[in-house]
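Labels A, B and C are assigned to the chains in the order they are written; within every chain, residues are numbered from 1.
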Amino acid sequence: MTGKVDDLGRAAAVVREPVRGGASQKILTLFSLVQFAGLLLLGLLLLAPLLYGSRYVVYLGTLLALQATLAVSLNIVMGYAGQFALAHAAFYGFGAYASAIFIRDYDMTFWSSLPPTACLAAALAAAVGYPSMRFTGGIHFALITFAFGELLRLVAANLHGLTGGPQGMQLSYAPVPVLGIDFGSARGMYYLAAGVLALSMIIAKLIRRSGFGRSLLAIREDEVLAASLGIDVTAHKVAAFSIASVIAAMAGAVYGPFVGFVSPEMMSASDSISVVGMLIVGGIGTTSGPIIGTLVFVGLPELLRVAKLYRLVVLGLIIVVTVLFVPKGLAGLFGRMIPTGPQRGR
Amino acid sequence: MLRLEGISHRFGGLEVLRNIDFSVSERELIGLIGPNGAGKTTLFNVITGFVHPFAGKVHLRGKDVTGYPAHRLVRLGLARTFQGARVFANMSIAECLAVARRKRAADAMRVAELDEILGLLDLEKYMSDQASSLPSGLIRLLGIAMALSTGARLLLLDEPAAGLSAEETEVLQRSIRRLNQIGVTIVVVDHNLQFVMGLVSRAIVLDAGRLIADGPPHAVTAEPHVIEAYIGGSDLAED
Amino acid sequence: MLDFVQTSIDGLMVGGLYATVALGITLVFGLVGILNFAHGQSVMLGAYVTFFVVSAGYPFWLGALFAAIAMGLFGALLERAVFRRTLGDPLAGLAVSLGIIMIVENLAAAAFSPDPRFVDPPVSGSVQIGPLILSSQRLLVLFVSVVLIGGFNLFLQRATLGKAIRAMAQSREGAALVGVRVPMISRAIFTIGSALAGAAGALYASLFAITPYMGATPLTKGFILAALGGLGSVPGAIAAGFLLGLAESFGSRYLSASFRDGYGFIILIFALLFLPTGLFGAGKARV
């Protein structure tokens, strides 16, 4: 019998490899190269502020790090669990607002505002996720998150007393120095943002390699089959959504002091869709996909000074083209995103 | 092991199951048969937690599990397969099994037993292949292997032989018999009477939502009610 | 009591607007199976078309007509170029429609500038019926939406195309069997849905400010209504539309006005919690 156990041990090693689509070897190698290049580029970009130190580079690096965090965290619920979450920018904004309100009204510091913000974000995600994720097919969830994102934006715009209304809030606080590092300076903010990004990537990787992550992937492939194998599908989906949303909220909490200002505009549906678009373009479900997507759609235009509006139009075009024409299974890009088969009905 | 008490169900105004009562003991190998529309699929879904019955109770090992969702039932030792080769197409065999293995039933089989079963089903050489690249006969076996990997003691097979060649059907039959021999309780639902009757030691017959016969295959097929139920249908011939 | 009636009428007025948008959505999603989040863009563009027509000096009703026609064409274009390819897969359709939202919304913002625009309503002032004072414009919106809905229902009952649509609603296969050309009807439904959205956009323009980003709200509400009313169900969408209008009106009056748009969302959450088969009928499995 030991022979069989060895085989299964080897099988377990196979399991640790990332799930691949039916791509040919060549495309696979190309894609791995792209992945590697993406990570390399990210590394360079993140290190650049240390080397160059010009204010603009530091600013760009911080912005990129935060945006990439959004993409990486969204990947957890969209890439691994296969659910269209259309409220990500809303949680981003929620984190910024909640943290700012805790600091202003409850006398907390930046650091001490993070745990309650995280808890609130998790609670919100669960409250929205549970009713809608009970159903298979993902349509209810997409609809609810879209509506919820809008709702959060409207709440932020209308509760003048609490949130400053449509004009938003001016923020004049900065993170208290920790371990001698002054996170309030431009450099410090950059380190903080990079740290948040690194942390989110670690979390995503840990999930990917765990049994939890494997269950999520199974859910993305075929929810009903996963349930028949003992996976509590709803609980898993809600957990993935909550984790992703909390990370987005944490990024938002850093964004606040970074720009010194929060407004309902950062929670628009357009921004939520942008993050989805970044994922689609970069490659949903992959490790470096979110990074590549962010670099292309936030980094490049920033560097080229392309107006935000046109950048978004191009992003929209690329989404349409990707969804329609990239054949299923091409390096796992499209095939990952839209599973086919009888389980995806209405 | 499994007991159904007064199970009734309806869709809209249509009664699809009427007062079904039966029990399955450990280590039995049972067939659930009946003409088209008799309610087999609905009953199957009720037992496996995909449908909440309108009335009646389901007991698993003495515990009332009526209305439990599928994943909870798996943890209590019940697993099922699906019609038509349902696996995680884009994952490798090894990964498919690994997914199933996460959840273990309360008195899960020991690893060695599980390995023997997997060896039985002879899937080892395909471990790192993509699931969708397997021929359909093997995909059925993979589905069964996945269900078993959950550590289930009671296995429900939904039309496992549909669309298989004669050879594949025979392999399937042998595998199911062997699984039963080492202690797995199995209930098979299928249209292919030859397949089922040659395999099981006891047959339960449904017709129009009612249980009309329950006994050894040769006795059941001789019963007038059963013959009547099938007249007009083509189920007596092989699919 | 007076207050109650006043609030109800206000609610019905807005409800008619919502119902018009919901109608388009319920038909497209319910019958053709396309999850088109870009539907809101048709409303937005319809509003802009109306604005430009009116700014050029033409009467409002002409603007509304242009809006409906233009949006009908837009819908047909989208169906042909894009959605026809995603027919089997609602989530792919969703993804594509997200892309379309980005394209249309931002092109509009670039072309029209994000500043809000206003259209002078065709009628102004208020009408006094007994002790009630009602805004003429809102009455007109209610009237027009009722006409649109009523006309549409008539179309469903009498016109050949309408009957074909009803047949499809009952059973796609059955309709195909009796000779209904399903792909052509699907395109027709898309066109009509979009035209309705355009008309709704014109009505919106007469009541509210026009911005490139105004599409999100009617979209969200429209989907909520289509879902609550039962997909593909015309009476359901209409009833849901009016009910939402009422709910918002009463909520604003008696609870909190600034939370107005949230009431629909709350209703949706509760509906999801308590409907065991979800919003789209028996087709969904629960896991």
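Methods note: a residue touches a chain if its C-beta (ideal position, glycine included) is under 8 Å from a C-beta of that chain, and two chains touch if they have at least 3 such contacts.
The structure presented is a predicted model; accordingly, all values stated were derived computationally and were not measured.
Greatest Cα centroid separation from subunit B: this falls to C.
When every pair of chains is scored by its C-beta contact pairs, the maximum goes to A-C. Here the CA centre of subunit B is 47 Å from the CA centre of subunit C. We define each chain's centre as the mean of its Cα atoms; on that basis subunit A and subunit B are separated by 41 Å.
Rounded to a whole number, the gap between the C-alpha centres of subunit A and subunit C is 31 angstrom. Within subunit A, contacts with two or more other chains are made by residues 224, 226-227, 233.
Within subunit B, the positions touching two or more other chains are listed as 50, 69-71. In subunit C, the residues touching two or more other chains are 285-287. Subunit B meets subunit A in the complex at residues 48, 50, 69-72, 74-75, 79-80, 82, 86-95, 97-100, 102-103, 111-112, 115-116, 118-119, 124, 127-128, 130, 132, 146-147, 149-150. Of all residues in subunit A, those touching subunit B in their complex are 1, 4-5, 7-8, 10-12, 14-15, 19-22, 211, 214-215, 217-218, 221-222, 224-233, 335-336, 339, 341.
Only residues 33, 35, 37, 82, 85-86, 89-92, 94-96, 98-107, 109-110, 213, 216-217, 220, 223-224, 227, 258-259, 261-262, 264-265, 268-269, 272-273, 278-280, 283-287 of subunit C touch subunit A when the two sit together in their complex. Looking at the complex, you find that subunit A touches subunit C at residues 84, 86, 128, 131-132, 134-140, 142-144, 146-148, 150-151, 154-155, 158-160, 223-224, 226-227, 233-234, 268-270, 273-274, 276-277, 280, 307, 309-310, 312-313, 315-320, 323-324, 337-338, 340, 344-346.
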